[in-house]
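Step one of this worksheet: look at the structure below.
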Amino acid sequence: MTTGAVFLEAHDVTKRFGGLTAVDSVSFTMKLGTIKALIGPNGAGKSTMLNMLSGVYLPTSGRISVRTVDVTGQQAHKFVGLGIARTFQTVQLFGNMTVIENVVMGLHTKCKTGIIQSALRLPSVLREERMVFASAMEHLERVGLADRASELAVNLPYGQQRMLEIARAMASSPEMLMLDEPAAGLSMKETEHLALFVQEIRDSGIGVLVVDHDMRLIMDISDEVVVLDHGKKIAEGTPREVQTNPSVITAYLGEEAGDE
Amino acid sequence: MDARSQSPRYHFLAFPIVGALLAALPFALHNNYYIGVMVFIGIHTILALGLNLLMGYAGQVSLGHAAFYGIGAYTTAILTTMLKWPPWVGLACAPMVAGLAAYLIGMPTLKLKGHYLAMATLGFGMIVKILFVEYYPLTGGTSGMTGIPPLSLGKLQLVDDRQFYYVVWFFALMLIWVSYNIVESRVGRALRAVHTSEIAAASVGVDIAKYKIQVFVLSGVYSGLAGALYAHYIRFVNPDPFGFMFSIQLVVMVVVGGMASIWGAIAGASAITLLSQVLQRFEDYEVIVFGAILVLVMIYMPQGLTKSIVDLTARRRSAKPSKPEVLP
Amino acid sequence: MDLTSQILQYVLSGITVGAIYAIIALGFSLIYNAVEIVNLAQGEFVMLGAMLAVYVLQAAGVPLFAAVLIAIVVVGGVGALLGLAAIHRLKKSSPLSLIIITIGASIFFKGVAMHLWGKDALPLPAFSSGDAIEVHGAVLVPQSLWIFGITALMLLGVYIFYERTSFGKAMRAVAVNKHGARLVGINVNRMVVWAFAISAALGAVGGIIVAPVTLASYDMGTMLGLKGFCAAILGGLGSGGGAIAGGLILGILENLGAGLISSAYKDAIAFVVMLLILFVRPSGLFGGRSADGR
Amino acid sequence: MLVALVAGIICPAVGALAPYKIGGLFAITGPASPLGTPERDTALLMEKQINATGGINGHPVKLIIYDTKSTETDTVLAAKNLISQGVVAIVGPSQTGESLALLDTASRAGVPVISCAAGVKIVQPVNKWVFKTAQSDVHAVARLVDYMKKKGINKISILSVSNAFGDSGKQQLRIQCGAAKIKILSEETFGDKDTDTTSQITRIRGKRPQAVVCWGTNPGPAIVARNMKQLGLKIPLLMSHGIANHKFIELAGDSANGVIFPAGRLIVVNDIPASDPQKKALLAYANAFKKQYKRDPDTFGGHAWDAIQLVKEALAKVGPDKAKIRSFIENKKNYVGIGGIFNFTPQDHNGLGKNAFVLVTIQNGKWRLTK
């Protein structure tokens, strides 16, 4: 991984739902080893953008490329193979599985066991199981959840569920991680912990795309910020540049005076 | 360090016990009727196992599963009577043909969701049954096909109920083992993941369509084997047993037994098969009683027999169960 | 008889049965909209309507018109009871176990009907006497006209109920957003029970108007119910107009297929058509956007 | 499981002489229940009659009846249940498919099965242990073909129900019409739950046959008769012995008039001359049934009557030995029953000829012997 190399590009990406244009020809690039934040008032199209970049939505027009290869229209499950992992705005854990099984799911694409091998419980299957559970345990240790490995995921407190979701995403060893409002509902302390962890991830050479409302977190950790309003990109730059951008201020003040 | 659920160990303890009990059962039953009932419970267990994998784990409802059962039965019937192939070869081909049929049908239908999928499988089941009836040269029409040879081991023809009992339960136990392995593996986890959150499953790279079709084919294979066993047991096939009502009965077995539970499949198959025998004494009323029991079980045990009984014992053990909040 | 009049005959017969499918499909859609479950006992309402009408007519000696009314009201009541049973467990059960409840109910109704009225088919007199009408070499029995008329009335009635009455609007609100409806003070449970009652009554009407043509028997409901389900899916579940179109299309295609291709494959044709349409348009002809949200 | 274990154990009766157990398998529920119910009623009637007149050689008769639910699986299981309870013979089942499903079980257990179903396949090829008392469609078709030849009908259309009964009739019609040079212009089918056959009849109308032969059991043929009248198709409608009960007339109403079909003599017992050897047996059954159930018997019940009568005679003669009962029936000659005069041989386990049938016409809602 080369820090600073362009990993993902969005070219004039547009998404319409019926008559509503959620994202209106937005372009930007994601580099490895940087944290990029996607911000904007409610309904600006941040989550829609993220969903397109991870293959959940198909863009109405425009192009998405990963390492200059066009991946527009690929199915969502193929994006992991491209090196893209993500979390969700509302936590999407596999609640009926244990904590460690959730992380093991993150290792899904790293395993080869198919239906026939597993049906016969071949030795290779057992070997692979041991391998993935050990590796999953390491990921749990990184987020400090190792001691809760065999609990059901539903039983974790909310903050830990968020961290588990990130651990699951990290298990697929992505080159780019997308976090959709990772700090929503976290306490101050948990948010700090999250910030450190995200920076640690960045420092290991992974590109991180963050969508969040917590401006302090965003301004603290981001290297670059993209601002969306009504589906359009209205600004892009360092946190400092964006903060002083007049159209950004109008967009935020016009929409909601509070927050920052 | 094994951090997974404790169930595997529990299961591997249960497995030999159940196996031993089943092996001993014929010695306790001095009556071919009970053995016959057990044979059908075995056949129905195989069917319910396959459908349970599909419904309980992959979350796909099929209202046409009797068709695969029928395809299995007819495959071996045709191969062994018309082509005079050996019965074991017929028995081996039946699941393959049923699996192939499941693949061909699954490719277009599994793109559908919910009730649309249910209706498509129902339609498919209807069409297959009509083909059994109308494709006279191959299937013998409604009068069916007689003269299907029995299975044999060397020179020994397995015509006796007891012998056949062991054959059926050998396959049933093997498939229980296989199903259990699948459920407790990468594939099983992926299926459970799809069931909880399709979007999250896709985000970790689970190819949902691939697993759906694989499970659909697998359940077709199970049903095909069950059908072949039926054909070599009764040694006669006709279209009637493979109709819509039996498809419904299979769904009932799975739901009553408990979805997403391997042992639930056995419980459901046993409960429904036995119930219909016990209800004989009600004569004209049996249909009414059966319907009423079904409604009551579903109202008071919506999770099915196995889960409800487990819940009940769990509740007794700890007065107040901590009901975990379901994730959004 | 030339080919055109043959085809006309197939179409006329198709519309007659198609009208029945449409009424049943409408019943499916009503309940589906209210609780999002598929009521597999819908066909039994059709059967109960027909059988009750015959029974009341013979046993009580009342005029046909009164027998029909009694049958419709009673079946509506039975539907309401099933609705009560369903909502009793609505929150705690999966859709599948609710469907199994309706299957159990359907078996139960069939058993009761078999016990009360026997295993043989029973006749119901036509609503009016008179000879068949000839149209370009094809014939139409007077009862078919009754079927067309009453079906049209029913559909109009359902439309007016939904669009013009506050009760109907409330029910539609429940269909669109249960939670929101509850917030604005609509008693959702009551609406669900009413949805069951109305769709049962609709089914009963279907059974009664078709009985003079097809006879009434305790096991007539299963196949009619399935075809109605088929029609509802064809049109798109939950869509009223779709249910009607689905029913008519199914009836006509099925008869054309039986006539022009092979009567042996009559039912197969109906289901093949349904499968093909589902493969091309996975949410039915008039359903909402495809389930594939990308 | 335990419930079933306990439920199935039947205590042996105590008394002067042990009862003879006869098994009955009838489709009491399910699609074939209109057949199975009168068979069951007849069987119960005979049990009562036999025991009221002192049983068989002093032994009371115990009939154990199970419902096959019109399904093959339940038939086989119920048969195993009966066999394990030591019945000397099984009467029934009601349907061809169910009977064929029993072939293997019957011969393996060595129990005589006397089926009440019509399909020829039940006795062809001959299974040592399986008999049937219902007349074969071979003979019914033969009667109809004779009639058509006599009336100069040589172009027909066939309309048959898509079940074993309809299939078998269709096969026979093909064979025998071919031999008699009667041309089959078209073959249509309808489902056994179909509620409308106008499209089939429209097709037939386009072919312009001289007569329509409809092969099915209720309620389909009644719908066919109604639809034919509605569509104004005024050619002879010939049907099968499957409509030989009151239900058909009740269901078809006016449309039933003029329908001609082959049937056993039971339904026209009053038209039959006193010289007919079957008259006495027919009246005995008809009167007994009417007295008990306050309704007329039908031919299906008659099949059960014949089957049980055969078992009774065998028991009286050879005692409760299954093999002996089997060979008694196999060699029984000149048994005058309801379905006809039976002459069994090792090659013919039905024992009836085409004289088992007469042709019946429906006139003003009544059955009349066709002149």
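As written, the chains take the letters A, B, C and D, and residue 1 is the first residue of each chain.
Throughout what follows, a residue touches a chain if its C-beta (ideal position, glycine included) is under 8 Å from a C-beta of that chain, and two chains touch if they have at least 3 such contacts.
Quantities reported herein were computed from a predicted structural model and do not represent experimental measurements.
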Considering only mean CA positions as chain centres, point out the chain farthest from subunit B. A
Relative to the centroid of every protein C-alpha atom displayed, which chain's own C-alpha centroid is closest? B
Please work out the Cα centroid separation of subunit C and subunit D, and write it as a whole number of Å. 36
Chain centre separation in whole Å, for subunit C relative to subunit A (CA means): 49
Subunit A and subunit D, separation of their C-alpha mean positions in angstrom: 73
Mind pulling the subunit C residues that touch 2 or more other chains? 114, 222, 264, 267
Which residues does subunit B have that touch at least 2 chains other than itself? 133-134, 284, 286-287
Flagged in subunit D as touching 2+ other chains are 29, 162
Which residues of subunit D touch subunit B in their complex? 1, 3-5, 7-8, 28-29, 66-67, 69-74, 76-78, 80-81, 83-84, 96-97, 100-101, 103-104, 108-109, 119, 121, 162-164, 166-168
Could you pull out which subunit C residues touch subunit D in their complex? 1, 3, 6, 9-10, 13-14, 16-17, 114, 119-123, 132, 134, 138-139, 141, 210, 213-215, 217, 219-220, 222-224, 255-256, 258-259, 263-264, 266-267
Sites on subunit D touched by subunit C in the complex: 29, 31, 33-34, 37, 162, 188-191, 193-196, 198-200, 202-203, 205-206, 218-219, 222-223, 226, 230-232, 247, 250-251, 253
Which bits of subunit A are touching subunit B when the two form their complex? 54-56, 75-81, 85-86, 88, 90-98, 100-101, 104-106, 108-109, 111, 113-115, 118-121, 125, 128-129, 132-133, 137, 149-150, 152-155, 161, 168-169, 171-172
Partner subunit D, residues of subunit B touching it in the complex: 29, 31-37, 40, 133-134, 136, 141-144, 146, 159-161, 234-236, 238, 240-241, 270, 274, 276-278, 280-281, 283-284, 286-287
